[in-house]
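Below you'll find a set of structures to go through.
In the two complexes that follow, chain A is the common piece, with chain B as its partner first and chain C second.
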Partner chain A sequence: MLELRDITAGYERRRPVVSGVSLTVAPGESVGLLGPSGCGKSTLARVAALLHRPDAGTVTVDGVAAPGWRHRAPRALRTSFGVVFQQPRLSADPRLRLADLIAEPLRATGRRAQASAAVAELAPAVGLTADLLTRRPHEVSDGQLQRACLARALVLEPRWLICDEMTAMLDASTTAALVAVVEAYRARTGAGLLAVGHDRTLLERWCDRTVRWSDLAGTERVTAPGEGPAAA
Partner chain B sequence: MTAPRTTAPPAPVLSVRELSVRFRMRGGHHVRAVSGASFDLAPGSCLALVGESGCGKSVLASALLGLLPGNAETSGAAHLTAADGAPAVELLTADEPLLARTVRGRRIGLVPQSPAAHLTPVRTIRAQLEETVRELGGGPAAPAAGAARGTSAARRPGRRAAREALRAAAERAADRAAFPLDHLDRYPHQLSGGLAQRAASALALVGDARLLLADEPTTGLDRDLVARTVDALRAHADDGRALLMITHDLAAAERIADHVAVMYAGRIVEHADAATFFGTPGPRHPYARGLLDALPGRAFAPIPGLPPELGALPDGCAFAARCPRADARCAVRPEPSDGVACHHPHPGPPPADAPEKSEEKGDRRARTA
Partner chain C sequence: MADSHTSTRQEATAAPGPGTAPGTGAALAPGVTWHRRPGTGHRRRTRTVRVWVSAGLVAAVVLAVLVVPLLVPLDNQSVDLARKLQAPSLSHPFGTDEVGRDLLLRCVYGLRVSLLVGVVAALVAVGLGTAVGALAGALGGWADRAVMRLVDLFSSVPHLLLGIFIVAMFRPGVWPVILSVALTHWLSTARIVRAEVLSLRSRPHIDAAISGGASRWRVAVRHLLPGVLPQAGLAAVLMVPHAIWHESALSFLGLGLPAHEASLGIMVNAARGSLLAGAWWPTLFPGLFLIVPTLALAGLAGAWRERINPRRRSELML
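Entry: the complex of A and B
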């Protein structure tokens, strides 16, 4: 279970972009979080992935309350999340070949030895051919780079996936292909998913249930803590 | 939507013939980014150029604007005509001063992909609009608003009158893009994504260009913002401009386009009427059909495989490796015929109730009109 409770977060103390939001994702469940751009849903996604410390509220992952965020989060907790962002170019080190990009989390966690086997297994699964793996980000298209970023998110076999507008810049076919990769991974591992986006048709097709940001934030303000509307 | 979609006005604003662009790479080999693209764009109409990233559609746009890097070689022709019978400009051979002075921003209005990157962060929208008006030589005597009455007085103006004319021209441009005038004194970061997009559109409209070129104008916008943004673009077309929208967003294209051109591996593989393309009988080229079927509102099924490298295109049809209809004939590249470049296209519009397809499964649109 991934539980976000009464999260208030932002970048300036007095102007939170998320206030008092609760959201729960059950094990193996896929939840779409639907909202307009700039509404704070990406911030909530970063809080959920332990990448952004909220000003208030708790995140509980499989029964363990996160004691901290970013480098303050225990590695085992951090690595239980795989995260894919909207813009692959902003989240990919331009110096790395795609194979190294995919294996980056293994290297960062001292499992360099597993890198080549993991890449050999994941690359075809995300639809990357061998010749692409030797290229650097500027030598591939956005779609190909996003495929690599998704492989990177899966390489540590996370129990939770957070996809923040993963396909917003991609064409229809690449979108369908990446969603299929995520779903195949979830079918195999039982991982839960929080997919954040603005495309209702996409999220409703993709996820078990879709929560509207306005309902989430709006209702939260008037409901008692502990009764998050998303838990319904 | 019931935008007028059937008119075929006389002279095209833009006429592109056999446009090809290739890049010379290190080691002497070439990347053929665009091959043999031809199309016309009439005033009052919108052509959506669709395809996945890397298919060549942005390179085509850059070629029209003279913004290709130094290692690019172009061939073919692209004529941009003028409303008043002035000579057409051939965009591929025009020199840079001419392009910079009379084409970009003036005869071709540019609606940028990323308004945030296009707007100067430290200056208000009004300041940027006024500067663009000034750069373009005072702006057109647009017939739009009643403010036009004052323009003759502004010709030999005192400084104050000149200021006022400038201000009026900037406000007219904002108004055309439906940018709220009471937000003109804001800075880009104080605007929502939608308003930033409109501010960028306003900049594109300052020169009152007959051709608008919108490069991925909806990337990252929410659905209703997409709708508002493209509806605004459509309104500019309805005012008599020609609109070329380059996009990977098929929903946006469906909403406003009169015609659709689908690019794959540098070629326009299908050029169709938008209503039949998105409706019945649907796309005729297998790639275009696959692209539509990938939409989450349709089959949500990806096209298997990846597009070929533009530097290593096969001799035959570039889609063959991914195509469910490929056979031996496809080893020879199909020439466009009747708007489709395919040896085995799906049936076109006229026989609406003919058996749509025989050998393939799962077509949900196979019903009589």
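Entry: the complex of A and C
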């Protein structure tokens, strides 16, 4: 269970972009968070992935309250989230070849030996051919780079996936391919998903339930009655 | 002027295809004309010439200071008052100084000392500045504020004055001069590196690294530092001529190297008396040896700066 409770967050203390928001994702459940641009949904996604410290509120992962954010969160807790960001250009280190980009979390967590096997397995799964893996980010398209970023998010087998406008920059066929990759991974591992976006059609087709930002703000509980672990 | 360089570079690079008269613009499609800005090609050529001349001069200087001391030893004591203040001639192309020593040889040796001081001081200064700036940027918060106030504190004292204080604490020698220049010149690098780290740190790929389990150390070394290295390297090259001028200034003031050493600053200082006696060469040649190589180095650094950082030229000072 991933629970965000009364989250108030922002970049200036006096002007929070998210105030008093609560959201729950059950294990194995997929939740779509629908909202217009600039409403604060990306900030909430960053809070959920323990990447942004909220001014108030708690994040509870499987019954354990997150003790800190960013580097202050224990590594095991941080890596239980796979995060895919909106802009692949900005979320890829420009110096890393795609193969290294995908394997970077394994190297960072001391599992260097598994790197090449993991890349060999994940790259075809996300639709990257071998010749792309030796290129650097500026030598591939946005779609190809986002495939690599998705592979990077999956390489540590996270229990939660946070997709922040993952497909906003992409064409329809790439969108379909990436969503299929996420769903295949979830079917295999039972991971929960928080998909943030503005495309209502996509989120309603993709997710078990879709929450609108306007319904979310300031509410105590969002989970509809009858929904929860059993529904997943 | 500088900005027009940048904005026109791409157009200049995209040379007109074969069969089009240069300078008239190639027709891309009916009704579409490719306009060439006047002066673009000329400016580009000027820049290329400048880079090659600078590179040639720097290569010649490096070769000279490495090879000449192997062939001709410098005898500091070879005072020959019978040959004092001889005008440039075939046997002494730069003439002799006020105690009869060959000026060409002393210029080469002086440049060697200056280059050594300049390069070492620049490396130490930029290394220090990069470490401090990266630390401030990466840690943020309280540590960042404390470090940057320290930088402000150092900046509030005129740096030549601070440098004089530092050399005055030691016996004259090469290392106090290096220390003095290094300790007064890490500030700008620290500011540049901190700004760069701050902007890199907020990028999503750092978020991705943290989420991927990277430690603080790994984020700093693998993702932040490589991003600031081009800036730091450029700052180091730009710092070399500046450090050389400082060494000369300190030596000129009598605070730098010991008076018997062949240093360009000492030579210019010693030549002041001779200048009044009508001997221009003991001032001119060391002065040229100071100015020409440092300008050549600065020219190369400027070209590099335009390559890696076309839009932000004013931040890095010479």
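By our rule, the second predicted complex is superposed on the first by the 217 of 232 C-alpha atoms of A that agree within 3 Å, B and C clash if a C-alpha of one lies under 4 Å from a C-alpha of the other, contacts with A are read in each partner's own complex, and residues count from 1 in each chain.
Simple rule for what comes next: a contact is a pair of C-beta atoms (placed from the backbone, for glycine too) under 8 Å apart; a residue touches a chain by one contact, two chains touch by 3 or more.
Note that the coordinates shown come from a computational prediction; the quantities given were computed from them, not determined experimentally.
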First (chain B), second (chain C), both or neither touched by A:36: first
Chain B versus chain C as contact partner of A:170, first or second or both or neither: first
Which of chain B and chain C A:13 touches, first, second, both or neither: neither
Contacts of A:202 with chain B and chain C, given as first, second, both or neither: first
Touched partner set for A:51, first chain B, second chain C, both or neither: second
First, second, both or neither for A:82, with chain B first and chain C second: second
Which of chain B and chain C A:156 touches, first, second, both or neither: second
Touching both chain C and chain B, counted on chain A across the two superposed complexes: none
Touching residues (chain side chain C, partner chain A) in the complex: 203-205, 207-216, 218-219, 222-223, 226
Chain A to chain C touching residues, read off their complex: 46, 49-51, 70-71, 75, 78-79, 81-83, 85, 87, 90-93, 95, 104-105, 108-109, 149, 152-153, 155-156
Footprint of chain B on chain A - complex, ascending: 35-38, 86, 127, 129, 132, 141-144, 165, 168-177, 179-180, 198-202, 204-206
In the complex, chain B residues that touch chain A: 51-54, 192-193, 219-225, 248, 250, 290-292, 294-297, 300-303, 305-306
